[in-house]
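Structures follow.
Note that subunit A is present in both complexes that follow, paired respectively with subunit B and with subunit C.
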Partner chain A sequence: MASEFPQNHFDLFRLPVRFALDRAALDQNYRALQGEVHPDRYATATSAERLRSAQMAALVNEAYQTLKSPVDRARYLLHLNGVDTQEETNTAMPADFLMRQMEWRETVEDARAAADIAALEKALDDLKREAAEFETQLHTALDEKNDHARAADLVRKLRFLDKVRDETELAIETLET
Partner chain B sequence: MAYSDKVLDHYENPRNVGALDKNDPHVGTGMVGAPACGDVMKLQIRVGDDGVIADAKFKTYGCGSAIASSSLVTEWLKGKTLDQALEIKNSDIAEELALPPVKIHCSVLAEDAIKAAISDLKQKSGAEV
Partner chain C sequence: MALLQISEPGKSAAPHQHRLAVGIDLGTTNSLVATVRSGLAVVLSDEEGHALLPSVVRYLPGGNVTVGLSAQAQQSGDPQNTLVSVKRFMGRGVHDIADIGLYPYRFVDAPGMVQLNTAGGIKNPVEISAEILRALKIRAEKSLNGELAGAVITVPAYFDEAQRQATKDAATLAGINVLRLLNEPTAAAIAYGLDNAAEGVFVIYDLGGGTFDVSVLRLSRGVFEVLATNGDSALGGDDFDRRVFCWMLEKAQLPPVGPEDTRLLLTKAREAKEQLSTRSEAHITGVLSGGDVINLTLDNATFTELTQHLVGKTLAPTRKALRDAGIAIEDVQGVVMVGGATRIPQIQRAVAEFFKQEPLNNLDPDKVVALGAAIQANVLVGNKDETDLLLLDVIPLSLGLETMGGLTEKIIARNSTIPVARAQEFTTFKDGQTAMSIHVAQGERELVSDCRSLARFELRGIPPMAAGAARVRVTFQVDADGLLSVSAREQTSGVEAHVTVKPSYGLGDDEIAAMLQSSFSHAAEDREARALREAQVEADQLLATIRAALEQDGDALLDAAERDALESSMTALQSALASAERDAITHAASALNRASETFAARRMDASIARALTGRKIDDLKV
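Take a look at the complex of A and B:
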């Protein structure tokens, strides 16, 4: 177990505090840490040590899940900088963006009703491409320009795409079974 | 989660689903979205020459509470002046539909949609409204 308590999730996995992620290093350090804090290794330890290892195991898992997801990683970085992403309160997205979200949902709804798996898969591809584009912009905003307002806006936008993506994947799954 | 009877009623029989001509100078369109749940709401109102809301339509992609909130406000909006419409608060919507605390943001979305639709209408007609 690390001798000093980590400052943040990035620190825990010995990664630089930034949006761009070395996914292989994250996975490797995650597995190593998982082994170190696994409760089985503390079966004969004192109850205080067992409690600490269980807490560390939970922290390691939460940190891994947070860093793995682009949206969660960006939100976490903003949180470290004292910036609230206002996902609960900010409803004023640009009209053209919201119109686009409406269209995505109509496309998916129509394709699901028509049991058109090809159309759903096309929508899923388009959604993934658009999300990747937003993630590139997040990298620029967070790692290069230090533009927190822009990054928070992109996190909010990605939440809408994630929602349609989930629904599209669910529709494909339902139709295929 | 258990929905209240009023939410279920609006969800199963939504009132005023549809669209008005967004290019009509008497029509105001409000588009809002809730990032936390990915809900998207479009609310449109048409105002008569007497300044009273003659028609209201909505289209919402979201949970039952979001659909019920928008359906309810289209009913409430008809017959109101714009000033009266702006008095509709999310707490009124939440109370009428007996929304649980985790669904309060759906009523916030509906209130914001009213404001957005009225602001769109005012922008279209210049300073005269």
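Take a look at the complex of A and C:
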């Protein structure tokens, strides 16, 4: 008897393989799945069952986190299509994006030096907006134009933004403590 | 026995039998035990009607030990042998304890976890905590009139690996079957959420005697999903007492005081703090051992000033938790206050101001954690149709590895939902390198030296290759108790190494075994008889579970040959049981466990398919 375990994260949650996401369906199916496999359902089970439950629950968590995050979801879709996003190796970026990058970093650096938490919080909001714009473009590239090269490019840009966001959050945390 | 706990509503998976299960809140100041009786969570009191057991252990010469109120009554008279707030030392070394000079104890200077020299010998925090847990176990078994099947033990959400492992070890030492380590704020959320049919995003603000936790949860139809947690595992009501204690020394112009007077003044400080929750000033009077009389008045304004920065120290983690959860203050439906220290009026004010809403105080902040743990224990042990409660908790601190240059590479980020497993590949940096040393650390800082070191192990026997050619895959797994295991495997050769992380300040399995042995011989309990009884109970449960599973799914999921094989393993276990030989029973039980693996896997796959099809698929498209 073959295992019926789904082939990919989208199938696991019975969702179509695409970037646009029905978040309510993802959440609901995630909870339904955890309701079946979570170790709390197997607390007094045999060791073999507890181990399997932990593995399954970890897999369901991993799949949920991947689909929930737009950049991880896009990377995963590209991976399913055999496209490597080359985030470590391909750091070539258009000049205007690099300029934006430097501006972001300067803003954060200045706010940090001035201990201006409000300015850092505003920078976070701006970053979020910028990321949302890239995510809209990802939807177009992946679901409508099937343009993998463009999508991989957007994933790399979002990765840059993530790094700036991490630095900004770290700056806020450091100032708060 | 899960094979069996997956069941459709209305079908009972395992033979119906009520199992005794409790929730235990092992607190810094007080500990409690609760259970679910006739569908209602209740705290179990001692024979005199006291619900709270002071977390105080006194060691007397000759091996006698007292726990609770009677020990507490002696704390000023015998401060060096009467140990309070030992939770602050769990999983900690001497140099981890910042204010060590303020404790009236005889610390032993030794590597590893803190040890204390007492009239009963040298004791570590695990052994001391086990005394408290044992007292609660005895209370519960008397009150429930039977042996406990298991317990859920609560820990501060911000406890790290070493502190969690130490807590679990203490329970093992006390002879308690740990069903789950449950985070205290999550336990409180269960009790609060189920009581109030709460839906939406809630913040649990939990300031106990020695620890502070803040958790952000989304509550939705019986699912308790922790979005983020943060805190400070060395901040609590005790620190407020210490501020008052230092103020008293200064005000009364006292010279440095001895252990007896330290304990006396700390007790006076705690009483003053408690009085200020309902009054505007507190009078502090007492006579020190040298005859000095203290007579002071502490007003609310002074107390507020003295402890202002402590209140501030709780707000930074609160902000972090909200940011990690991606939740704005306006999105918070309610703020539930937990822990005795939240009775302090200025804490109430600070929290109300921060969240722009009055905090919720309609639960007893001392009892809510134990009640939530009892509800969870009742579900875990299988007394309740568990489909109406699901907890999705997170790890509080990131887990990672040391890489080149003493940097930390995070493998699992803080606030990841557990259980979680994640792998990362590393390579060799020298030609012909045949071993790789792996250093596991926990924390958020960039330098590994600023994080807590958890374990070091080596992967050996890598075949010599050019630098960068080996592919070492390191896998981190965190289970539902929040405990970590790490394995490493060289991909091209298949060489493997595996460790269940025993934190550097943890106790080795052999140390635990030695402590168990001495505690059993101490209690004059027949270890062998007990082990046999446990093996028999487990074997009986295993058989019952598999029988029930076969009845339910045997025909659908197994062919005749598979079923025969499983049934002959069952017969083998039954004959072993008849022999009353422990080794034979455990052998036959593990053989049956192995034989049931395929069946278990198929049942789980079937349940997954069922979760998303049939009855539930219709709900999805609303």
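Assorted remarks:
Operating definition for what follows: the second predicted complex is superposed on the first by the 161 of 177 C-alpha atoms of A that agree within 3 Å, B and C clash if a C-alpha of one lies under 4 Å from a C-alpha of the other, contacts with A are read in each partner's own complex, and residues count from 1 in each chain.
Here is the rule we go by: a contact is a pair of C-beta atoms (placed from the backbone, for glycine too) under 8 Å apart; a residue touches a chain by one contact, two chains touch by 3 or more.
The structure presented is a predicted model; accordingly, all values stated were derived computationally and were not measured.
Using the contact criterion defined above for the overlaid structures, shared-chain residue A:Thr44 touches subunit C, although it does not reach subunit B. Of the two partner chains, subunit B is the only one that A:Asp162 touches; subunit C does not reach it.
In the superposed model, A:Ala131 lies in contact with neither subunit B nor subunit C.
Using the contact criterion defined above for the overlaid structures, shared-chain residue A:Met56 touches subunit C, although it does not reach subunit B. Between subunit B and subunit C, more residues of subunit A are touched by C. In the superposed model, A:Leu78 makes contact with neither subunit B nor subunit C.
Using the contact criterion defined above for the overlaid structures, shared-chain residue A:Ala151 touches neither subunit B nor subunit C, since it reaches no partner. Every residue of subunit A that touches subunit B in the complex is listed here, in rising order: 85-93, 95, 97-99, 101-102, 105, 109, 155-157, 159-160, 162-164.
Against subunit A, the residues of subunit B that register as touching in their complex are 31-38, 40, 42, 59, 61, 105, 108-109, 112, 116. Contact residues of subunit C toward subunit A in the complex are 1-6, 149-150, 179-180, 220, 223, 316, 319-320, 323, 376, 379-382, 386-387, 390-392, 416-422, 477, 479-480, 541-542, 545, 557, 593-594, 596-597, 600-602, 604-612, 616-617, 619-621.
Of all the residues in subunit A, the ones that touch subunit C in their complex are 1, 3-5, 13-14, 25, 28-29, 31-50, 52-59, 61-62, 64-65, 169, 172-173, 176-177.
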